[in-house]
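What follows is chain A paired twice: with chain B in the first complex and chain C in the second.
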Partner chain A sequence: MITLTVNGKTVRAREGSPLLEAVRAAGALIPTLCQHEALEPWGGCRLCLVDVTRPEWNGWAKMVVSCLYPAEEGLIVQTHTERVVETRKVVLDLLLARCPETPLIQRLAREHGIEKTSYLPNPEPTDCILCGLCTRVCDHIGVFAISSVNRGAGREIAPPFHEAPPDCIGCLACAEVCPTSCIPYETSDARRTIWNKAFEMVRCPRCGKAHITKAQADFYAGRNGVPQSYFETCDACKRQEMAHTFSKLSAGAGGTEMETGKQGNRETGRP
Partner chain B sequence: MIEQSCAPMPPLEEILERYPREEASLIQVLQDVHRAYNYLPCDVLAKVSESLGVPLAKVFSVSTFYKAFSLTPQGKVIIRVCTGTACHIRGATQLIDEARRLLEIAPGETTPDMGFTLKTVNCVGACAMAPVLIVGEKVHGNTKPAKVAKALGVEERHHAH
Partner chain C sequence: MRIDSRERFDAAVSEALAGREGHKTEILVCCGTGCLANGSQKVAEAFAQEVEKRGLEAGVGLFTKKTGCHGFCEKGPLVVLQPSGVLYTKVEPRHVPDILDKTVAKGELIPRLLYKDPTTKKPVERYAEVPFYKNQTRIAMRNIGKIDPADLGDALAHGAYAGLAKALFGMTPEQVIAEVESSGLRGRGGAGFVTARKWKAARKAQGERKFLLCNGDEGDPGAFKDRSIMEGDPHSVLEGMVIGAYAVSAHEGYIYVRDEYPLAVVHLTLAMEQARQAGLLGRDILGTGFDFDICVSRGGGAFVCGESSALMRSLEGKTGEPRQKYVHATERGLFDCPTVLNNVETWADVGAIIQNGGAWFAAMGTERSKGTKAFSLVGKVKNTGLIELPMGTTLRHIIYDIGGGILGDRPFKAVQTGGPSGGCLPESHLDDPVDYEKLTEAGSMMGSGGMIVMDDRTCMVDVARYFLRFLVEESCGKCVPCREGLKQMLAIYDDLVAGRGRPGDIERIERLSAGMQLGSLCELGKSAPNPVLSTLRYFREEYLAHIEQKACPAGICRDLTAYEIVESCEGCGVCLKACPAEAIAGEKKALHVIHQGKCISCGACYEVCPTDAIRFFPKAELAPAAAASRGGAS
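The block that comes next holds the complex of A and B.
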């Protein structure tokens, strides 16, 4: 563990861990859009900018994105210096120009004193801020169904050839992780549609809930070498089943002394 | 090279055999495919993805990222008009107008006989010889609209036929 200073407050952090963690541990409130605890930091949204300096730098400080900057011993971090606040405002101003109708961006901009973008608003408003969370989560799962296509102003997130992605398993991870909820999908007990691809649902044999797509069950089973039937039962029912098994086991292990409590256990479902 | 594209397409397997079957070979394979087919056909990209073990989404991402790759069939000769600042000031717009007039296509389009594709590029890094016109592999510096017809190699085309 190392010690560093955030806004005058001393905090301890793991050496090399993302500075953002230490900043948040110190209670400093800075917005992020492309960060997710399950994924590697990416440094795309530039909102987690902070000023860092060290005593031996003689007053010189630099602006860094805290999600990518490694925590080091003795670092002095400022999260709201004038230039950091100004730069963050520029980023939000630009985001608002790109996504003038997106509630999340409007709210963040307003919180930073921007009511209206000072740039030309996008004539074709979009909700996608190109944070890359959807493609990164898809890659992380190992599906690689969608990616960033084209470049510069024309960059967008799309499946290959803008057609239904052959590799998509319909897990909805991309839609769930999207900060602006801009990936449309429909899901019912019978069918799920995302990226213009339709999926058949698997129903839990115990509770009947359609909790997973067939493609998802096939993908997980193929990867983990676990029989597909394992994925048919939903997580809630699996937990219940497990609890039952353990309650029986512990009752059995207790022998005759536990006999009296057995009836009650069965009712509460607890060991 | 131009003649080669008229010949039957070399099998994709031949291209794939030139490089190790790994992710790092992707761009080299795509360049060779582009050279052989004059564009990147969808079905070929799918085979490249399978053969190199690179997800199709990644192959598509790389194919759309680089300006050197096209997903639509290209003309035999690609004409690039530089529209960088220096070329713009020294008359790139007039060069484009002249090329449009001669070929009857807009930038980004291909002539119906698949002879020419007209493109604009942001800067070719040869500002000293602005305005720059590139026909196929040949670079024409200090070009004037009056020189475009010759640079487009109308004579050369007649030779080829």
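The block that comes next holds the complex of A and C.
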């Protein structure tokens, strides 16, 4: 562990961990839009900018994005210097011009004193801020169904050729991670659609709930080499089943049902 | 023959030289991309055919060879005769028999093929006397135009790989780095980072694999120095890279070549093939046991792919987008291994530096910018093309002595240096010595050495808008300040040139620029405001005219400019024919008139009028009725 200061407050951090963690630990409030703890930092929204310096830099400081900058011993971090605040405002002002009707952006802008964008509001308002979380989560799972296409001002998130993405498994991870909830989808016991692709649902053989798409079950099975039937049973039933098996086993070994139940829960990390 | 010792290297060079002694006359036909486009391949073939038909080669010792770009493409196809040094321009296949009969056989010159000095209007006989060449000092481009890039022997005869032999046979890696350090060499591809410092860091870095990369992406519109080097003297790049690899102890290299440069790929690949066979590349180089090999990789096709981290992503097979890492590539670059990336020209300098010594290189240039630099000189100058000059040469010398001055002897207005994210410098900076620091101080940059000269018929607001339009397409769009900022900046400029500028626009531009400079992820976004800020700095009154008077002082912005014909019109009718909108009427020998309702303000008439009888003025001054009938800008 190393020690650094954020806005004058001393905090401890793991060396090389994203500076943003230390900034948050120090209680400093800075907005972020492209960062997610399960994903590699990306540095696209530029809102997590901070000023960093060291005593030996003799007053010179540099602006860095804290989601990517590694925590170092003795670093002096300022999250609200004049230039940082000003730059953050320009970024939010620009985002508000892009997404004039998006509640999240409106709120963040307002928090930074911007009621109305000083730029040309997007004639075709969109909610997508191009934070890249959806494509990155999709890549992270290993599906690579959607990506950002086109450069520059024409950049957008889309499946290949703007058609229903052949690789999409309908897991909804993209829609769930999207900070502005702008990826439309529909899901019911019978069917799920996302990215204009329709999915057949798998019903849990035990409780009958449609909890997963067939494509998901196929994908997970193919990847983990576990029989597909394993993924067909929903998580809740699987837990129950496991608890049941354990209880039988441990009953023989002299344990109690309660304890083994807890054990099972701890493994899945769910309450 | 594989060269595996100092003796064998010297023998190979002697042999290459001896092979050329029989050449009484060498006919050098430029076959760079520019001259090829003008038909030089046909000229080279015509020479070969004529020579063969006449059975000359054996008897007279005539030798035709296809060389790389001489840099003077606008006058191509170029033919140089050696050793006499006669230069012929715009040569066509039909001129070939004459050249052989007169110049080669009898030493007579053919006046109409000689280059005419645009200033003195006199023909210039020898290559070396052409002002465009006379004032140059060529190091990175030392052999371009002299050698046949497809012939290793020719390159060896002209000193190629002498630096490599010197390094591998007699210097430690540390000594090589020290030599490069004493030369003061800085990167020729952009930021001007000290080359030796990069190499030192990579040498020190721990890693099982290390990579050495050559940046041949050259995405700046109009730039072609790297292309000319890769096409015309690929060996200079290979030699530099092998020396660099030896210095930092790398064994794998890539040359990242812009996708639009197929000829460069062909020449590099051929040169690598020949170098491998000769023992100059690959395994056990020069018999010293040192291994280093290179792959040529075709670029991703975007300007931003030339940016260091994007280039490495692209080489890794991922999308060529910049990635911010707060660790140097020399520590963790390509595939997270220590990596040295240098520009084509930087690599081409290295061989000459080792061969001649760092002090030799450092004797040229200014205090902190040493050696020479290649520039692509284009725009409104009489001589355009590729040049190499000592650092510290003044802009005035480049534009007036080498470039021959402004086309049509119009007044100079500005020179844009450094590529799309460089800046525009006005007349008051013409005597600035060109070096990294001076250009940056003046609000521009060295960049890759682009130089666009502009005359008084240039609107600086429009120029800034032109670069913004390039950048808005080329920004990768990953980060908000660059992607959205450029879009919004362009929107402000679209308004300015259309007469919709508002008070406060200048402040909005400045504030947005600061946000982009401080907030953007990579140098593209950080430097994108340069064209904007430099034009604002030097031509602020032009911005004010657009905003306050809705006027374009240079008469370029169409929505703000009207034309009229004045008394001095002689009624020659030239303008009438030139007008694409049929807006001009008038009898022969009588005063012509522009119909304001039809005029589209293209300025074609203004350009062609032989008596300067056409005047432009702010459209805002038009009588309201006429302005309304145009339905133009409000």
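Assume the second predicted complex is superposed on the first by the 254 of 271 C-alpha atoms of A that agree within 3 Å, B and C clash if a C-alpha of one lies under 4 Å from a C-alpha of the other, contacts with A are read in each partner's own complex, and residues count from 1 in each chain.
In this section, contacts are C-beta pairs under 8 Å (C-beta built on N, C-alpha and C of every residue); 3 or more make two chains touch, one makes a residue touch a chain.
Bear in mind that the values here come from a model prediction, so they are computed numbers and not experimental data.
Taking chain A as the reference, the larger set of touched residues comes from C, when chain B and chain C are compared.
Of the two partner chains placed by the overlay, only chain C lies in contact with A:94; chain B stays clear of it. Of the two partner chains placed by superposition, only chain C is touched by A:49; chain B is not.
When the two complexes are overlaid on their common chain A, residue A:119 makes contact with chain C while staying clear of chain B. When the shared chain is aligned, chain B comes close enough to touch A:159, but chain C does not. Legend: residue contacts after superposition of the two complexes on their common chain; A:150 is shown touching both chain B and chain C. Once chain A of one complex is fitted onto chain A of the other, the partner contacts of A:167 are limited to chain B, with no touch recorded for chain C.
Note: residues 147-148, 150-151 of chain A belong to the chain B contact set and to the chain C contact set alike, using the contact criterion stated above.
Per the touch definition, chain C reaches chain A in the complex via residues 302, 304, 319, 323-327, 472-481, 483-488, 491, 508, 511-512, 514-516, 518-521.
Those residues of chain B whose C-beta lies close enough to touch chain A in the complex are 42, 45, 55-61, 64-65.
Interface of chain A with chain B (complex): residues 135, 138, 144-151, 159-161, 165-167. Remark: chain A residues 42-46, 49, 63-65, 68-70, 83, 86-87, 89-91, 94-95, 97-98, 118-120, 129-130, 132, 147-148, 150-155 touch chain C in the complex.
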